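Naming follows writing order (A, B, C, D, E and F), and every chain is counted from residue 1.
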């Protein structure tokens, strides 16, 4: 079992490429960085548990049901029936070509962000599990969650549960300084750190700070530096190249000690950008959980993530076999 | 010009008669008791101004645009660009037959509810206007808005602007005691009070307290008592009869002094319940604003409100001529 | 083969019960009184031909394709490729409860209404056919079509083709006086006249002039008077009773000489009002074409028309067996 | 845990009230008499398990996911990956008013109907469960399933698991004679038999054979006769009255020995007819499972079933509290 | 008249780029390799007849209506009203970028695949026609259809009707060996053989066996070899190049004796992949039917097929003029 | 205030990339070259007024409401309630790849095109405004509008209002000769002329006449020649390059006297082609209105227009800040 800890939100998006101001309906999806990862794992066949808090109203119940639908363990989702309990929301307008996606967050005071460290009994939650996964978004939600993550990491360490962390910096939630302070405290616990050029720079002050168009070599040396400086056994990075507006190059590296493993490179045509990074994490975890070698892991993660860009919605609805198929070949003929 | 003061929210509803738990998209509408009234007035040809605060993000801008689309004066809508500014939301599942509609409010900390009395310069807002309209929802949003309403009433009185108030009790927002205390303070200013059996009882402790199936005579005597006790020149009440699940009887009275004017009675087949009461208020105001006699006013209000039950969405998209047509006849043949 | 002569238009309707002012899409249907009748006949198994003119652009082609889809003979639809050729349009907002349907016609200068009497070679068109059907709408479109109908009637008479006419008065197209003048000229040719209380009064000045809520006996005596005065072998009338807003009583009579045949009575719950009268005509023609007795014919017509009120769109998509099933029983259990 | 045994199919329905011939898309739902019952139980809070076979392709996986979403135990759903494995389908056109719903079954050779008695290890499946539920549809699917039901009943008896059976006669699947023969073999095992006037007559030859409009007293005496003749501890019957086309009266009785318990009567306005009977069974089972008295059970079942007629789709998405709310009151005001 | 012989199925696809597991509705289309070709011909103005068997239920009737809508001759479509008659189905998830389309066939036991050679009276069907067209899918459906094709070819030969065959190998239906055996029996009758690199290799064992990215020269020599070895007067091949995920190069050749005619090359941006090959066949047939020279024919076929990739659905809804327009120019400005 | 003068139409488009012949609904948008420009200005923050005539029916009212929604001044839109008043329509099938968009105009006899010069009191309309904008479409609608534009230009000149004109040649409305004659009469008044290679050649006979793929240098010299010959202070041209089917290069120049300012070049991926040129005009006017330098103006216009290609519908729903953001950078990362 892999345990993820974070917020799941309701996402509301105008259909197609309509702008917010043109919407008279919203498509809805449920998602969040950590639960997206859990869904991806479950879809690929690796057991995954989501730890979070949801309001005990139809929106929160719908969110829990959706996670359950995709095969995620929802036993440690607490349904919050206190007055004022609310589900975190985000509104997302899908960008296209030169027009970037636009996000309006409405997640303040959500049931999850109001939760206390004492709400989570990590000894029970992590019992008989092998991995604990979180991203930088969870501690960004406030002191309480910062402490909850800390406690989770300590307990995981004690129980021999390995820990992965995706830096996932969100400037809307905290400053670079706050993020840096908090995340550096977790690094000693982390067995696998996931970043890209942007978050490595924003949170750790390393590398040149480009989120895209960073040369692969730079990413590799940044990863190696992070691994060395913070003694993180594995550091993975994705490298995005912006050939054109909605077409990107996509590649990934995994650094183990001084060794860097490099995935195939893909040309993305982006149907959905959200959840791409989360499924990258899932791909890595899926490989590591099953004890696969680093080259396989980074290839799987890159392929999984490449394919996620073709699936509408936050959740990764793809099998492991599909990703393995892509690694071997990129033909696109329908199978009849 | 008629001025309304209150919150406009984004409403999100699953399509058709789907339940929340079955939604994978939401139809969206903008509405609120007071702005629904303003839209109805503007659609009928009477100038109306919405006074409110909206976040200066695409959701708030969309709300303002929508009001502007329907011909409402939006000059005194303040766009709030403070951090954390948010639009009030409500999720509404449309009921059918024995299954009641279900509402999940998510309006706490909205830009409007966080506004301060000093944010409204009533001398300017009410300048050259003839009516000020609010409902019990606005003061239910907190101390600040309670004071703002107070200030608005005082200023209106000073400027010779007439005041109408729809009791509109919402148990989710405040207790009966709080409501009673606050609303009774406003009554001395009120030229037109609007209620139904439920709100008259909940807020003023008068009448038998049935929201529906109250005999017409009871409503009339409740109205007369309120008018006498609180010295309100006009008291209007709607009377709903629940023949069957989604078919109601609908009638209204208007009490002026000791005289009670009674409208035609309608059999509603409910396409949309939300906004029915708000358009009733609009019908009354539209008549009174134009100096019409009480019988015309109560007939117009009942007809307007009856028709609103056939229009999807919060806003009243109907002309005055359509309501007048209904008063004269209830034939339903298409006009070819 | 039964030949119908009239205009087929593109209908554009806001989805569901939305108002025009709320539309941001339109459902589209193709229809017209005469072609609706032809489609109904073809669906029931009686061969039917539509004679009309359509613009030779994608809208006109789509209209022809749609008629062909339903099995109608389209060999005598002329595709007009002259500059300015246009398809007649009508926008229809579906009413509900007390709110009547609203129609915005945009049919002026359509290819059909611009056609000349010489465009139709009735000797060829009517060759080997048994019935010619038209409604009052066709001559209402102008002098040319008035003459074309005249010519068609004469030729039909010469060829021994029987003639049916649905009065179908449209005040938007011509005055009662014009209609009266024109229609009375056709009556000598007519073997079957179809009317309701409204059109009988508007066009022929007979009966009390109510379109609905006319007592059955009145309809019967009106029909008998028309039959006697104008020497029409058969006169059929539909009788609608408005119990409530979107629920009507529905019954029909067929008068042959002095004998009046009365159908079962139905309680309509109206999903779609458009095309109800046209399928009534089709039911009659379907029975008469097959040489059935008057009681069967009027029952079939009433049942067919009752069922049409349940089918969205202008066209009658129902089999004869379904109507016959309704005549025998009105159970509504699903057949599993 | 309550175990249900039967087929879950993919249902494809034209949107709204469109006819099959007008469809250019199909709404899809997953359902089947037994799994509908299981979903209803899970939604009300009673643990339920679906035992079935689904093809191991995206359609079968989607079906399993949907059941899991609603909280049903899917551990004993076998995914069939044999060549030719297929999901049972049914196409359903929603009727309205006088036009009945129309169903096209396409369920032959489905993975479930091809399963063998040996595919089900009832000792494991029923271990630690309290009820076993099936309907007449399962044995109607062929010899193998007839035997599988037989085996399940025997095992349940041995394990002290109570058995409920809904007669659910489908003439498309077998003759009255075949049904009678098979069902009578199961009756000795049955603790709760569910029927209506139609199935009681078709399968057992008892009562007058009306599916609707049967007097309540008749239903009561039919139930008592069945209970006496077949020694079934409890017999429940639903009684439908067809006031009008899509409005029915709805009431239920539960016969225990010589005592008959009668529910409140409801006036249905039918949004969705499918699944009404299945949720009636679920209501009964939910009450009996929790050891409630017969009057409560029959009230719950009638209320649950009444409400199901308002929920689109095969599955019952309603809480127990909602049904209990309806028992106490039938007001339909939105709760704000 | 050109006669096509094969199965038409109902296709069900999740909307847009949703995955099967995310579908809650399916768009529906009717199609099949041979009828797609017939529709394309009819749209371009060449008379075409579909010979097939459909169940006499609403799905089969809908299929026949759809073909009729597009102007195809449906006189030789037999409506099968035997018990168990069913329409072949296929579910198709539209791929995008690196994610290939996914197809779930559910066509076993369809009315067409259960038909017998004696069901087709080819002397009548082919009377007064000029071409007979089939693809490898028809004989892949079983012995009976293999024999029916054989009989059709013989009769065509006797009547002087020319024969075209598209190899269209489907591994889900038969093995390469079976296909090879069957198809080689038909080759002596064939006047025009259509293939691509994949089917040429799979069925005839010729060429390098790539379905895409085959050099044009290879295709040309493969075509010449086939023409020579099997004495087929004309062999046409399409050549696809996979530049990127959903962008392909597209070109075609037509080999007559030793002469090879090469079309313009197109860069496809694929809106819809299904039906591309079928419209290629239609383009060739449309040219040959009208006696055009080989260069025109191959240009028309390539252009027609290129454009088909832009039209949603199986059917080719494009005029000949549009294809000819593309041959002359590839500008894409709207014509205002 | 910037005043625009022209027709606003209702646009009806099949959803997605469906063809007209496949439509069973139409998405609707309101637009026209001049009002698109006004909406774009208002969205960017520059006050804009639309001068036009609309029918006083729900379609015309909907059009006016939509313009009001986007913040356009609608005080000088005349609602025409004469009999026969109609809204101009156009049907637009969205092209994709090699299939061009297809437009069916149905704008003859619209209320606007029937308006007379005397209907416009330019002294009032233009009072206190700074710019008057029109395109070649307005005078193409007939003698009356030709005269109205003439009168508007004269009045603007007298009032010191600057004038901009977009040549916008429409061959469906008038011949090149007629256009040339009319437009050349307006040129002496024009302060800013907007063209592309196509319209410059069609209307003025200058340049090589390519609408796309004209070298930038050619556009520059054409612009300079026009400026010199017709003494137009500023001439702007857009230059489109057709790299591939739905991907174009896009760049613009602005010529002031002998100086030519060149914008950045963009690679368009076209979501919506309609309105691209109109927002280019708006970008220029927005810059010039605010007194910006030529380089800023041409950059803004190019960026605004590039972004418009990503927004569905005729109207430009984009802020100035978004365009300025694009000028500075073309990153497409979502802003979280």
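In this section, contacts are C-beta pairs under 8 Å (C-beta built on N, C-alpha and C of every residue); 3 or more make two chains touch, one makes a residue touch a chain.
Just so it is clear, the structure is predicted and the values come from calculations on it, not from any experiment.
The fewest steps needed to get from chain D to chain F, moving only between touching chains, is 2. Ranked by distance of CA centroids from chain D, the top chain is F.
Interface comparison, B-F versus A-E: the higher number of contacting C-beta pairs is recorded for A-E. The mean-CA centres of chain B and chain C are about 44 angstrom from one another, to the nearest whole unit. In chain C, 19, 21, 24, 65, 102 are the positions where the chain touches two or more neighbouring chains simultaneously. Those chain pairs judged to touch are A-B, A-D, A-E, A-F, B-C, B-D, B-F, C-D, C-E, C-F, D-E, E-F. Listing the residues of chain E that touch chain C in their complex gives 65-66, 68-71. If you check the complex, the residues on chain E that touch chain F are 266-269, 271, 306-307, 309-313, 317-318, 322, 326, 330-336. Residue ranges on chain E touching chain A, taken from their complex, read 16-19, 21-22, 92, 95-103, 105, 170-172, 211-212, 242, 244-246, 273-274. Across the complex, chain D is touched by residues 12, 15, 19-21, 23-28, 57-59, 61-62, 65, 84, 86, 89, 91, 93, 102, 104, 106, 108-109 of chain E.
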